[in-house]
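Okay, so subunit A shows up in both of these, paired with subunit B first and subunit C after.
The block that comes next holds the complex of A and B.
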């Protein structure tokens, strides 16, 4: 570190310190940077076109398909993957299971960034993006809309997660009193956040309840909110397993390996939770299928696709998780996590895009620009995550709370 | 005139009840599988 850097480092919280911390660290020419930078630049150019010329210039959306890949993947799927934050904070701060304490901060950070970027992507899909403030300022509250609930919940949950994570930021800035004060708010923010999460995870499913004639009956159900909530648990847990596996390789130099619980035990514990929640989710899928008397619907390709989703991406990872936990096979647990995540993506896209308008000749496929913008959002999130974890005390067990 | 068969599990909610009962049984077995003694030494 240069002399200027040392001086800035000593004055934590000063503007100089923050500017010093903004500078990039490490090698610039990594495979990830080489792939992500051109995509981010291209995505930003596409976004400029989108905001200047409108949605039609860059997307394949139409009156028949007002919601496409950005809503189906970024918002609906992204929020399901962010569920890990409310599960882990509940287990650590409410149930006081210390075993998972070492992953609490990184999980909250991931959840917060996921909400900021993926739920924030909602603004891209609004024909009149400036109207996004309407549910907040009361210009047109729309009390009857599920989207009203979702908008408020996203906003409040992001604030709750910011409060949960702020002690880490205050520690980084050297604000001891602020850190102490914010730490006292953590439990309240966690409980508030869990309440919000339970409601808006199911609320995202409730958004599709008004589309009964459009969604294939094998996927449409009056219990979509319950299915969204239940499936968010294995989605969140699988995401934690997946990302913590990558984090442990990429950030191995800054991770506290003296954590009270071995990493292997944490993965196995998460795998156990994912197996049990997948088992319950599978049962819900089965009883909704029987309750809806869908026997006549499984004779065509939609039926085959439905069973691929349910057996291949719910029951199979459930069995894999169970075997992996029992035999302490981390490879099997990680494979199950990847399959579960693919299954959640398929499920959310089935409801929001693939089986949407299944009985009409109009079909939708996202344009390459929609896919590039989605990749851009994912890459920017990873860039921000990397910036935060290489500067703040995110991985160490000796925590800020 | 159509007759309603009370013993047909497809027409009644019999299948749902059977599924529910079997789920409860399987869920207990599933949990027992996880928390069996050889797993406690984790």
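The block that comes next holds the complex of A and C.
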């Protein structure tokens, strides 16, 4: 926090300080702003149309495709990418590996915002969003529903992440006692958060268990929940590598370069984790394929597509990660991260959209408006993230101690 | 029991149990579900059921004389809870009415996180607008693709057959059953319908295929079908299996309490093990 900020805070009280901090800083005409602002405005216009005229006015959803890009990409894929938070908090706060302590705060922040925006995107897809209170306040609990579980876990996990991140916010506001108190809750929130993550990462896969007659048998398996959970680990780690590479360029002025561990070592460590978890995921995929006796299914284009996913986007990045770690080649690790992320997108979309209704002639492709709204969500999230990291002490490791 | 008494009995049952939660466990609850038997060999494709359904539920009332709807295979829609399709088979032309199957253990209601989609004690699956949040998980889960969604409304509803729940409570039959001129539809207790269906197969073994669709499919359904030709030829999916669909998520849901109980102590124990002697504040 800047000296000026502290003075402003102590003189005027926190509300005025917050208002003071709300003001935008830095150049307005950056390439990112020039691209994102029109898309955000366009997205908001589309959302107005969506809430006035119904989902059919802006999406290509149909009676055969009740879930499309907003669920398949924003929610199902977005939450997989947000898995980094539970992995890093496990490593840092439970296993106490100090090496990754410097990225813990930014990862938790990223995870929290990802849940708020991508899991929150679920609301846009609801036909009657005002009834979302029903499964929350308890006048109508559908205990048997996987979605009930997932929705509750999203909510509770967001709270856990808020508790994990709150010391940073308290520090920004200068609330020293609050910060000390909230810090004592961190371990509890972390343990609670990891448990919830294990369940809802797999729960997102369990959502598709009853769609058995609709999903291609190469992708449908009773182990979808396990596959979703396992693949969330490389997804989360790759996202951290990808995201930190960008933020180290964009925010290089505010990142503490004196942290205990060189940034390079952190990336290599994450790459190692990604290589191992990708191999486990690949191993599960192979076992399910062989046990399911799926050889007869690979004779058509679906089979080719399946092998592209498994070899091109699971095994290949696994090998790239392993080689990158061995030769300390950061470029190779970063390429592997990007390929893994594409692979996760392909996998989640394969289950939720692409192979859904594979046996019927109807097809679905997202409308341009669905894509604009998705981009809008991503851009707003980045705006909020940028606002937080330029004001709160997210990157600087030493001061938070 | 004649039909009037039978209906009266059902009506009385429906009234006294109309508040499902309050009634739970208080009275001797009937375990038998009600349903409808469709004998596709008796259906003449007049689509009176479609008209009656549309009128009863303020949905599309088709102009059966002119719309040529039988020319192609249709599905139920957000404007029609039931449709009749025509199939050309090895034994000639048959008509099949399509609507919600009212499964005994329905995927849709186990998918519903608000209990808006409710399997009533009497058997019909009803949908309640004030609880639904419009997530369409029921549509994803239904093996028969029956629930439909009003995509072009700001306050959309799920549209699907509820076996004319309001009419049942008034002691009447479903509108489609009442409207059927040939007796192709029979309303009653599932066990009675099964007897009728079996009797017909025994008496006319060459007329019917020896299968009652809905007896075991997806764990049994409230709506049953008799046919003269294998059901694949009549647009039915015969690859859905006999396991009730909620079973597919059961293992996962059973694992949840175990994970909640086991993982946190495990993680806490791990964190104690890794604690440094130096008081290392988190």
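FYI, the second predicted complex is superposed on the first by the 386 of 401 C-alpha atoms of A that agree within 3 Å, B and C clash if a C-alpha of one lies under 4 Å from a C-alpha of the other, contacts with A are read in each partner's own complex, and residues count from 1 in each chain.
One rule holds in what follows: contacts are C-beta pairs under 8 Å (C-beta built on N, C-alpha and C of every residue); 3 or more make two chains touch, one makes a residue touch a chain.
Just so it is clear, the model here is predicted, and its values are computed rather than measured.
Using the contact criterion defined above for the overlaid structures, shared-chain residue A:24 touches neither subunit B nor subunit C, since it reaches no partner. Using the contact criterion defined above for the overlaid structures, shared-chain residue A:290 touches subunit B, although it does not reach subunit C. When both complexes are overlaid on chain A, the residue A:146 reaches subunit C alone and has no touch with subunit B. In the superposition on chain A, contact is made by A:64 with subunit C only, not with subunit B.
In the superposition on chain A, A:38 contacts neither subunit B nor subunit C.
Look at A:268: by the touch rule set out above, it reaches subunit B but stays clear of subunit C.
Chain contact summary for the complex, subunit C toward subunit A: residues 75, 77-78, 107, 109-116, 129-137, 139-141, 143, 145, 148-156, 237, 239-240, 245-246, 248-249, 251-253, 256, 259-260, 263-264, 267-268, 270-271, 274-276, 280-282. The residues of subunit B lying in touch with subunit A in their complex are 10, 15-16, 19-20, 23, 26-27, 30-31, 33-34, 39, 42.
For subunit A in complex with subunit C, the residues that touch the partner chain are 51-57, 59, 61-64, 66-67, 90, 93-96, 122, 125-129, 131-132, 134-135, 140-142, 144-149, 151, 183-184, 186-187, 190-192, 194-195, 198-199, 202-203, 206-214, 222, 225, 401.
Taken in their complex, subunit A has these residues touching subunit B: 265, 268, 272, 275-276, 279-280, 283, 286-287, 290-291, 293, 295, 322, 325-326, 328.
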